[in-house]
Amino acid sequence: MFHSMESAEERTRSLGRELLESGRITGLLSIIADREGTRPGFLRKPDEVDSLVLEPRYLLAPVCRTLQAMDPEATLGIVARGCDERALVELAKAGQVNLGRIVLIGLACEEEIARQCGCGRPYPRKIDVGQKIDGSKGNVSSGEGSGRPGQQLDWNAELARCLKCYGCRNACPLCICPECKIGLAMWVPTGVVPPDVFSFHLIRAFHLADKCIDCGNCQDACPAGIPLRELHRHLLKMLEERLGYVPGLEVDRQSPLFTDLKHGPFNGPKIPRWMNTLGENEL
Amino acid sequence: MTGSALIIGGGVAGIRASLDLAGMGIPVHLMEREPFLGGRLLQLDRLYPTDHCAWCPVWPLLRQVGSHPLITIHSSSEVHSIQEEAGAYQATIVHLPTYIRGERCTGCGECLWACAKKSTVAGREGPLPILRPNSYVIPKVFAINRNLCGECPGCQEECPFGAIDFKMPQETRLLKIGAVILASGFDPGRLEGLEEYSYGAHPDIISAMDFEAWIAESGPNAGQVLRRSDGQKVERLAFVLCAGSRDRRFHEYCSGVCCMYAVKEALWACQRSRDLWATIFFTDLRACGKGFQEYVQLAEETGRIQFIRSRPGRIQPMGENGALRVLYEDTTQRNTREMIVDMVVLAQPIIPAAGSENFASLFGVDRGRERFILLPDDKFLSPATSQSRVLACGCCQGPADAVQSVISASAAALRAAEILAQRRAA
Amino acid sequence: MSLKERIGAFLCTCGKTLGRSLSIEDLKSQALRLPGVFFCQVHDALCQEDGQAFLKEQIQSFHPDGVLLAGCSPRGHGALFQRLISQWGLDGEALEVVDIREGCAWVHADNPDVASAKAQNLLRMGWAKLSRKELSRDASIPLLKSALVVGSGPAGMAAASAMAGQGLRVYLVEKDGTMGGWLRRLSFLYPSGDEGANILQRLKQEIEPSLLITVFLEHEIAGARGYVGNFQVHLRGGEGPKTIRAGAVVLATGAQPLVPQGLFNYGELKGVMAQEELESQLLRGQNLGGTTAFIQCAGSRIPQRPYCSSICCPVALKNARLIRLRWPQSRVFLLYRDMMAPGVDLEHLYHQAMDAGVRFLRYSPEHPPLVEGMDCVQRVKVLDSLSGRETALEIDRVVLSTPLLANPQNAELAGMLSLLTDDYGFFCDRNLLEPNRTVTPGVYVCGTSRWPCSVQEAILQGQAVAASVAALLRAQRAKASDFGVLDGVKGWPAVVNESACSGCGNCFQACPMKAIGLQPFDGRRVARVNKVRCTGCGTCATLCSGGAIQTQSLSDSMAIKMIQEAFK
Amino acid sequence: MRGSMEPKVLIFACDWCPGLGSDRAGQDRLSLPSGFRLVRLDCAAQVSGEWVIKAFSEGIDGVMVMGCHLDACRHQGANHRAHKKLETLRWLLDGLRIEPERLCLSWGMGREALPFQAEVQKFVSTLKLLKTGEKA
């Protein structure tokens, strides 16, 4: 276990070194550990790569976005786990990152991390480091506690714990709006804690309905330990069942919310299909 | 200001033509026999092949016509006489009284309810004498049909604005006209002639126009498909196409639109009652417009609409209000069969509107095959009739669906504009 | 200017009838309690002359900056009141009509308390909407008095000459060396039987002498920019590229018949020809005696090409009859599925063909005719679905009626002008009653580029388009909001707050009218609305998490306030 | 109004079909449930999920979105997008164990007086059931 961990790190470092030496990338984005501690770091020289570590898991995609905003010309290498890759894909769809200038070192998560995250897809599409292991099917546990399926949750009680710290929003790699609606008094009454279930949580969740990549950051960030992920998992399930869409997988597949019921362009006045759609609330 | 144009017929063709002419800056007199504009199109429920409700595409047009400064609407009017002088017409238009003063009526509907309550015409069945504009047709005012009205003071008492005036005189207006567009539209042909279909002998043998109104959501049954005889749900429905057209005894020509509206009505009937099966007896299924074949496919896909190439020889009522027996020869199977159905819809022919004869004679316009207005040039370079300053569009020059009507209307409008421009130049 | 401070309220009692089911007095006091409402007048019928006069006098003496009018449904007299108050120096959009008649008094006639309470809520909602309504942001665009016609077939020529007749400058672009399109290759035209050449001549006579029409032969469209009133269209070919500025674009790109390669042994057996080849033979006056078999629906009304090309039947009827009349000894068979001859003239043509001795055989798609022969066609085997008998016809030639295919160019043009094409590549019309308009304002389509049609219909459509264009370009300028989903329907364009826009492109991807683009704005990409294309459906606003893009007719702040007032 | 049995219903209605339906209902003097308020829109696609959410947070019992029937949208299928979007919101409500029935999507049923009345009544009775369910 520990041994393979070692080698995974080594392998990542050597890949990173190669990339830097070849000059394909301006720098490598990863977690680094040195005497100043463990943190996300941007490695520019091959010899700096020794400080690269894989643990703890930390979502680097938002950092990548910031870096690209600072220097659009740079080509970034990034040690990307499944969640990183999916986040980057969604960010790319939203025009926030330029995948053309990003080189991924695909890292499949260790079993332990995957279990801790309760991740459904603990691996990127292109795996450079580590072994692909199947994700957990069931619902994630809130914190370390025993897993409870979202439908059985008493949401009133759960959400009553909310401190309105906006941690869930701030931690979300895909919350990219300059002005967030749940920060505006127009949408969410100010000075009310816990916030009104409808306005605060529903609006947040609704905005991410077709974007959430199930990284779990929102839940990890929640000081009140609200199992927000259950909610998103439920949405993702419906999204996949009803519209056959999973966020974060393909760059060129747009969200079904942007298209017609019959996907593809709508062709002006055309033959109606009321036979199967009229008055139905199901898709 | 130079000559203005007279458009006869406030159906969709007339409306389109007047809007285009007014758009080109030409004053227009739009004349309609009925109290309201809209014509036949507003009697329909849906339009093929897009299944839009007939009303929605029309009301923006109506609203424009109603508010356009260059368009004068003469509703419930008729052309009384025409004098031709110096390349122009002097038209005398008679405005028949509607007995409700337009400038006072707000369409509040009090009279209608008063009439329903108080009317002295004892035991009158059927429609009220007061005609209500079907939600915002133009003009927005009510009208009274004198033939049905008993002239009780009921509505007068109730009207908050004293708009009702049984002494309302008929007005005559003199118009100077530079060009005329005939858009008098069509009438559904009579079906009484076809004994073999015993139309009129049984309430469930019904004409297509009536059927559309009968099953309309706005209709008497709020969209249910019921037998007229006993109000039972219709389960087996038959459409007989070419009833009276493509028939040397009545009208040799093809009425053009029946195939498609039969398919449309079949589709909507199927949608509105889940356990309805329809049969369409056709000769040639003439679905040759944009999207028509797909529309027919849609009908086939339902699995509840079957097409049989045949012209039934006989439709027999089985008893007073009983079912109907349709005797037919399936020409592709070459055997005579019979089918028992609850209701038969006859696709009646489209014939020139009653008025068109009168207009033709008034303007000295020749009529061609089957009494439709003749366009000598075959519309090749203009939709002009035998009189160069009289143009024709829409169904008065041959059966046409809504699309063809508006196309010919716009073309006629353009030609009219050219004529008037020439007059200006002269 | 957002919040309205001086709102004038008017209550219309519809001849005191509304007073029966709701309390006008309470409504009035409610109105006067609303912030910003500084007077409230009750009248019996504002829609009538005296009512309008009253309205005018009140508005001109008190100068409100917004008018709140409770009465009948906005659909009833809303447009009228808008027109009126804009005549009296107020922005037409500064009016809010509240429906307390149809939607309140009349449907709750049995319950006055409910009706009164609801009327007050509705009034508050109307106030909420009005008081938060931004001054409408619109754009005024110039309208060039010129039009560009693509394609010089019958439709294009008719459109060009007609538009010139209306005093428009017309540019006629033709990719071939001469005008006329398919009309050049047609012998006689149905239903009248005129010579194609003759009609072509008459059309040319109207175009060539005209000083207003410039014809660009051997030119094609390389690209197009701009919007209604001011398109910039780039041409290639001829002596180098040029750019034309036109107020409207008319597409008459036409269509071309399918070459029936591989159908009924076409290309393998001599004597198997397509309809247009027969046309040219008729033109050349070739001898067409002997026996001819026409096969309809060759390549159409089949699964891979389900549509009916609608002109093949009349054309075949016309030619079949022609052959019979010219060569009385000849025998002509017409193999059809459904005889598409709707209307008076075509049915008459059908009868004429029968009378001329053309023999008709109806085949079913399950048993298509078999064309046989060694290198030269000899016989056609067909199962007549009516008689049920299989007959083998000894014939000299087979004529295949093939469908018209959309011009492959259409897709490219559709891309340039963001139009919609149907599954077969023909241009989509915007609305059933506006058959020659496209979803792009100022772009029109006529003739066979819309759908297969006869020369006669093509010319008619060309003239129809000309009428629309002439009407469109008559004014000097137009407002962006004039171009809604239908003529006469306002389309208030959505507005973008750049500072709040993240450039995520949801709006741009989702917009059903293709009205939104992304463009640079201090270092980032932000959404930009094409005010002319936008019809204000609001899809963009609902998908913008940040609320950066808003519809003007009902912005978020208006909606929220209305929701809050709904049950106060 | 709070506590009263009559549910508070907010109807967002496209002005094309349902707007007409509501007017026709009035002209025919049909009786409608007392607790509904109608907001006219240019297109049902204008209704954003946040509005619906906000309506609930303001204590409104049910929101109904009425539009033209699905393939007859004047805006080239804007209501398709609206349908999917609001459907997603219903899933979300479901996920939070809030009855999704409180949000009703109705396409093409509201053009005529009687169907309009029927739709509204149906929705109101559903909401009444929910209320009683809560009480029980």
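By letter and in written order, the chains are A, B, C and D; residue numbering begins at 1 in each of them.
Just so we're on the same page, a residue touches a chain if its C-beta (ideal position, glycine included) is under 8 Å from a C-beta of that chain, and two chains touch if they have at least 3 such contacts.
Worth saying up front: this structure is predicted, and the values here are computed from it rather than measured.
Novice: Could you see whether B-C or A-D has the larger number of C-beta contact pairs?
Specialist: B-C
Novice: From subunit C, which chain is the farthest off, judged by mean CA positions?
Specialist: It is A whose centre lies farthest from that of subunit C.
Novice: Cα centroid separation between subunit B and subunit C, in whole Å?
Specialist: 23
Novice: List the centre-to-centre spacing of subunit B and subunit D in whole Å, with centres computed as mean CA coordinates.
Specialist: 35
Novice: From the mean C-alpha coordinate of subunit A to that of subunit C, what's the distance rounded to whole Å?
Specialist: Here subunit A and subunit C have centroids separated by 44 Å.
Novice: Could you list the positions in subunit A whose residues touch two or more of the other chains?
Specialist: As it turns out, subunit A has residues touching two or more other chains at 181, 187, 257-259, 266, 268-272, 274, 278.
Novice: Could you check subunit B for residues that touch two or more other chains and list them?
Specialist: Correct list: 50-52, 135-136, 291, 294.
Novice: Subunit C: which residues touch two or more other chains?
Specialist: Residues 75-76, 101, 420, 422, 429, 431-432, 439, 486, 489, 510, 512, 543, 556, 560 of subunit C touch two or more partner chains.
Novice: Report the residues of subunit D in contact with subunit A in the complex, numbered from low to high.
Specialist: For subunit D paired with subunit A, touching residues are 49-50, 53-54, 56-57, 69-72, 76-77, 80-81, 83-85, 87-97, 104-109.
Novice: Along subunit A, where are the residues that touch subunit D in the complex?
Specialist: Where subunit A meets subunit D, its residues are 150-151, 153, 155, 181, 187, 196-199, 201-203, 205-206, 209-210, 230-231, 234-235, 238-239, 242-243, 256-261, 266, 268, 270-274, 277-279, 281-283.
Novice: Show which residues of subunit C lie in contact with subunit D when the two form their complex.
Specialist: Residue list for subunit C touching subunit D: 73-76, 99, 101-103, 106-111, 114, 118, 121-122, 125, 420, 431, 439, 485-486, 489, 492, 510, 512-513, 535-539, 541-543, 551, 553-554, 556, 559-560, 562-564, 566-567.
Novice: Which of the residues in subunit A end up touching subunit C in this complex?
Specialist: My answer: residues 93-96, 176-181, 184, 186-187, 207, 254-255, 257-259, 265-270.
Novice: Mind pulling up the subunit B residues that touch subunit D in the complex?
Specialist: Residues of subunit B touching subunit D: 50-53, 55-56, 109, 113, 132, 135-136, 216-218, 222-223.
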